[in-house]
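Taking it in order: structure first as structure tokens, then the write-up.
Chain nomenclature is as follows: A, B, C and D, assigned in order of appearance, with residue numbering initiated at 1 for each chain independently.
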Amino acid sequence: MDFSLSPRAADLRERVAAFMAEHVEPVEEDYHRDLAAARVEGTQWTPLPVIEDLKAKARAEGLWNLFLPVEHAGDYAAAYGTDGGEGLSNVDYAPLAELMGRSAIAPIVFNCNAPDTGNMEVLLRYGTQEQRDRWLDPLLDGRIRSAFTMTEPGVASSDATNMEATAIVDGDEVVINGRKWWSTGVGHPDCEIFVFMGLTDPDADRHHRHTMVLVPRDTPGVRIERLLTTMGYADEPLGHGEVSFTDVRVPVGNILSGPGEAFGIAQGRLGPGRIHHCMRLIGAAEVALEAAIRRGTARTAFGKPLTHLGGNRERIADARIAIDQARLLVLHAAWKLDAGGPMNALSEVSQIKVVVPNMALGVIDMAIQLHGGAGMSDDFPLAMSWVNSRTLRLADGPDEVHRGLIARLELAKHS
Amino acid sequence: MDFSLSPRAADLRERVAAFMAEHVEPVEEDYHRDLAAARVEGTQWTPLPVIEDLKAKARAEGLWNLFLPVEHAGDYAAAYGTDGGEGLSNVDYAPLAELMGRSAIAPIVFNCNAPDTGNMEVLLRYGTQEQRDRWLDPLLDGRIRSAFTMTEPGVASSDATNMEATAIVDGDEVVINGRKWWSTGVGHPDCEIFVFMGLTDPDADRHHRHTMVLVPRDTPGVRIERLLTTMGYADEPLGHGEVSFTDVRVPVGNILSGPGEAFGIAQGRLGPGRIHHCMRLIGAAEVALEAAIRRGTARTAFGKPLTHLGGNRERIADARIAIDQARLLVLHAAWKLDAGGPMNALSEVSQIKVVVPNMALGVIDMAIQLHGGAGMSDDFPLAMSWVNSRTLRLADGPDEVHRGLIARLELAKHS
Amino acid sequence: MDFSLSPRAADLRERVAAFMAEHVEPVEEDYHRDLAAARVEGTQWTPLPVIEDLKAKARAEGLWNLFLPVEHAGDYAAAYGTDGGEGLSNVDYAPLAELMGRSAIAPIVFNCNAPDTGNMEVLLRYGTQEQRDRWLDPLLDGRIRSAFTMTEPGVASSDATNMEATAIVDGDEVVINGRKWWSTGVGHPDCEIFVFMGLTDPDADRHHRHTMVLVPRDTPGVRIERLLTTMGYADEPLGHGEVSFTDVRVPVGNILSGPGEAFGIAQGRLGPGRIHHCMRLIGAAEVALEAAIRRGTARTAFGKPLTHLGGNRERIADARIAIDQARLLVLHAAWKLDAGGPMNALSEVSQIKVVVPNMALGVIDMAIQLHGGAGMSDDFPLAMSWVNSRTLRLADGPDEVHRGLIARLELAKHS
Amino acid sequence: MDFSLSPRAADLRERVAAFMAEHVEPVEEDYHRDLAAARVEGTQWTPLPVIEDLKAKARAEGLWNLFLPVEHAGDYAAAYGTDGGEGLSNVDYAPLAELMGRSAIAPIVFNCNAPDTGNMEVLLRYGTQEQRDRWLDPLLDGRIRSAFTMTEPGVASSDATNMEATAIVDGDEVVINGRKWWSTGVGHPDCEIFVFMGLTDPDADRHHRHTMVLVPRDTPGVRIERLLTTMGYADEPLGHGEVSFTDVRVPVGNILSGPGEAFGIAQGRLGPGRIHHCMRLIGAAEVALEAAIRRGTARTAFGKPLTHLGGNRERIADARIAIDQARLLVLHAAWKLDAGGPMNALSEVSQIKVVVPNMALGVIDMAIQLHGGAGMSDDFPLAMSWVNSRTLRLADGPDEVHRGLIARLELAKHS
């Protein structure tokens, strides 16, 4: 058993950390101030130019598309990946995702942000050459953005087989109708392609009823109905949209893998994506713990620094423990995913999806409390980070569904 | 021991409930939609006209200023209170506050919203006749609004003796300098008067250094620097402001009670105010539990209503228990406050301040989870209600300070 | 709403407290030492003589059978109850039960211990005159003891309809077969009568299959198989037994209420019994909190009293809060029970059954932790008190069953 | 990063597991029944013969003294260790300790039980050749047992510098006076040697006041005052004793390392010991989870297996998660200990000491609850296992002290 990083991961971690320190952290406060000003002006959906500058810098340093998986990277790594090298295993990429999670803008700067990474993986694994040429290349290039449209307002979407929007094959075309929401990314002006999941054959078995289809955003009948908020945050410029599809027609060649194959694609898509989400949240939790300690030592009440009052030190200790436990669990899940693929890590991936957002919420909440009212404001990244973590107790499957899966696998060992 | 409501409280509860059902609930969804539209237009700080309509209706039905306390109501109840009756005890008013807490707009409709109620109480208890004529009457009348400016950005304000803004007596005037924030209400165009707390004599004993002064908003040197958000919510049209005071001069007649008396006023102000806050949160928690049950029975996943899945019923049971325990604790604290004043209920008031916001957070969070992504959006009042509850773990003293006081009183029994 | 005690309850509370201070507390340490010595000698199932002395004293002061309920006390109160007065309401008796719960021996001293109180209530409510003469009188007199034999080793007894032991009417007799366990009290030499619950008609509806029968302990075929421990404690001299019944025959006149009526009796029996259990646990929790504070102020580590270290004060505050919340919930449940009987307080009684044992476990655990290793030993009553509280998360229905009932009632409000 | 076992650890794990399945598990139920019978007879402090049989078998298979650390194993491994091989690293030994923790008797069977392992390590690291010949050899041989006498009844022993018992150098002798308790192992008839910690120089700096001395049990003036229980369990035949030392004189050659060196020895002793304790608890937690699943699927209530009721599956999932997180944290701490010694793993070792006992308590408590009353009895190992875990929240430093250390180290990163 060896908990040390591989030389390549260690080197990349150092380089990503250096890039963050030199280029990202110094502009972050300005970025948020400018975004707040843009909100007042009503221009918050126009990306701030600093992002493109940073993307160019990251790419120039070879810190680009680091998420590209070993097994599917192929030529893409040479053209679009780190130093032209091969892709990284999940366990090697994980510490980089943690670093990116320390900043609200870093993931997009390194072209490693959700939902684009997940969509790129889907194209790598299931896309035809034509689909990949048309959509994967510009995504890897960072020229366009994408959205994943699965969740629906009308049904409990925690059960993916509930989806009611339709994708009906009609000759050479697929006809799409229905309404989706929580489609992250649709607010961005560069968002050009949607991965859509719809019901094709209600009479098939539960896991072969739905189909994944590539739907260009500008297809007639596609309409962004509104952009949603989570606890008051709109997450500009990506945003979370409600989107209606009315008699939308795309060629059958836009189907991914094949009719009825959506469920399997969705499952495969989520393994690495959950590792990424979780590691980013661990980064956010570390930032929160650091902030808590800084504030707790700098401010005094009743004649003592806050860190000397009541149970504050115990809470700091508990935060340290919770973060370290969470990180080890994610790294272990990543290692199992690398070793045997998604089916080898079903319980592990569900475990991290339960543990990490809840851990992050606890640590960030503690940090907010130590900041007083300031912690609830946007003077610190804590409030937004809390909301982001809270959302991840629902996105990609609510805690309860993951707990159900873990229990089912556990009981199966004894039957 | 008798847990039943007094006839007067029972009658008022029925009338408030009927008013809510008839007048408030039907307009609430529209109100929030209109406010959201106003935000896009940039007019969110102009109160929507429906509020004034509802205020007039409530007043016409005698459901006005119900918070007016028995001991100080005096002539005011006749002029401005319920049916011209006397004020209500805390234990009689509490169930009405719970009802008001079911709606984001009801407290202001009944002229029972923070911080105005607390400021009116301060004027009732400590105001001179002149101060009361000038400020209390229009507040009771609902014509103007007020703010309480105590918390400061530069110091840990959980320790009230930390306050550094100054209120220096200079002949016939008080000279005020410093910066305050989290001054709730300053965003409202009718907010005309600030209750300001400043340092007067740093050499006095810890609890006699600060002074409360009435500062009209339009006094030269007063400047609203910005309006803050809590997790993305600006709480329009009241808002939470950061306010600077630069060589602000008001007559010494604007001092409340006397120089150095601020600490005692602040303590007295908070007893009933905490009862009100807590009861409103209990109302919000009941709304959340009802919403959770509605959603949990209406939506199905994996072939069953959500209420039949996993631990959802246990969570509903736990929510029921937590709400009932919290309500009883608040009612008991109110009864002790009625029986012997703030010093008789020190531990009890701190207890509810710890228990109730945390209880509400738990119940609302459970409801959010059962709503899926919708729970995080503004399609339901849950997200805003959660943020409001979270803020109350900090406002009026963070949990940790209250726990410290409770422990001190507990240890004192044995020394 | 009035949280003050009635004059009669206040008077009795003072008298019970005085009796405890004068007679019970001074002998308690000796009692436990003598019992420990008896265990080494193997004589632990012979009651120590001090108990009978104390019983006589309590009875002489009119502090006897205080649990006798108002509605059924009748002539018994005159002969065997407090001062010959009428019985007490649940809300008036509750504070007395709390006081008794401060001591391991007090309940039996006042003839108010489980399971005898519950069995006496059953006889009061459902017993024929003959049954009452034969068994109730000596129980009220404190001359004999009783047991309640319901739980079975072979089935999940949390579902009372699972019971498989049989009670078959055969002419003038009832024939009883089966095995019961966790029959509290069977270790005591004075235990002469068992209230037995058995299956009579498996084809009847779920709630009319079982019958309650009075079975004298010395009936042929009754055999105490063994005495059980809970985490190493045998709870001498009452004990918890496993009892086998082999072709046991008693007259049909020993049936309580009627064949198939057991379920209803069991339900009715448990309302007041749960109030008593819960109030006693609250007393035990108060004792633990007091001990924690004494130890925490007397002992120093790292140069400070334990109460000045880490989160200890916060834990003391949380204990104070938890106890007060639990007590109010129980008193309210008692009040509802008094006002409208068991069907009026179904949710409330289940709520306290969930809340109070868990609360007590938390407070006692905290106190153990502050005592270090000593807290786990029998030098303090904490360890035994913890185990007793833990058992009550299972006895009289596990938490999960009560939560299920609370949820069902809550959902029913909305259907 | 590689989470797989080394070939040697994998091989040993398989062999230990096979030994447990073949030799230990089949006798365990009988062992506990015989011990219970011995308690009734008063012979419980005489070890049952099966233990020596199993020890001989384990040794014959080379599964003996597996705890022997790499760096100090030296010749001892050849004579007394696994296959004559070298010692194992902490990370390689950890999975074996987990397996041993599945049984109450396995640790002693493999000569890997506390406190003997810790005392053997002390002798390996700090013992003179003479001390090792005299005491280490027979301990490694399994012929004698030992005790560690540090904790005192009169002071808060969580602060090791509080110890008041004295160890005064008087010419060629050390004179020992004082009282210790929670000396585990003193009940065993083979316990021949105590590692005693006493105050030598109260004027030295805090960490150089105390001395460790080897005190043979039969030295005049040593007296076992009593054997303590933890929640009713005496843990025969090892037991936990209270021991008085009255003018006990041993040669100065019995001092370990040197006068005033006790604190350093105590610190070094506890690193690996805590790894062992924690891994054993993880084994106990796995046993509890397995038992919970077996019981939960075998028993039905309300027409369904318990695993289909309420939140039981969520609790099973949470148990799985908690165990896996705890194991990873311990393995990581072991790896850090191997890599850089105790000072490299200070925070990590304290973290596992907080996490693992609390985790085990949660899992076992859940299992108890699913077993109903049976879970509290000795028909299952759950109750005893719970008590053992609870004790470990106090032994080797209470949670609070470890949290304090973790926080101190965390804050130090930022100062």
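Couple of notes before you dig in:
The working rule: a contact is a pair of C-beta atoms (placed from the backbone, for glycine too) under 8 Å apart; a residue touches a chain by one contact, two chains touch by 3 or more.
Heads up on the chains, UniProt names are A, B, C, D = Acyl-CoA dehydrogenase family protein.
Everything numeric in this text was worked out from a predicted model, so none of it was measured.
If you take chain A and chain D together, the chains in touch with both are B, C. Centroid analysis (C-alpha atoms only) places A farthest from chain C. Centroids of chain B and chain D (each the mean of its C-alpha atoms) stand 54 Å apart. Centroids built from CA atoms put chain D at 38 Å from chain C.
Annotation for chain A: residues 310-311, 313-314, 400, 403-404 touch two or more other chains. Viewed as a network of touching protein chains, the structure reduces to a complete graph with every chain in contact with every other.
Listing the residues of chain D that touch chain C in their complex gives 40, 42, 151, 153, 155-159, 162, 181-182, 228-234, 299-302, 306, 309-312, 368-369, 372-378, 383-384, 386-387, 390-391, 393-395, 398-401, 403-404.
Residues 1-6, 9, 91, 289-290, 293-294, 297, 307, 313-314, 316-318, 320-321, 324-326, 328-329, 331-332, 335-336, 347-348, 351, 354-355, 400, 402-404, 406-408, 410-411, 413-415 of chain A touch chain D in their complex. By the touch criterion stated above, chain B contacts chain D in their complex at residues 310-311, 313-315.
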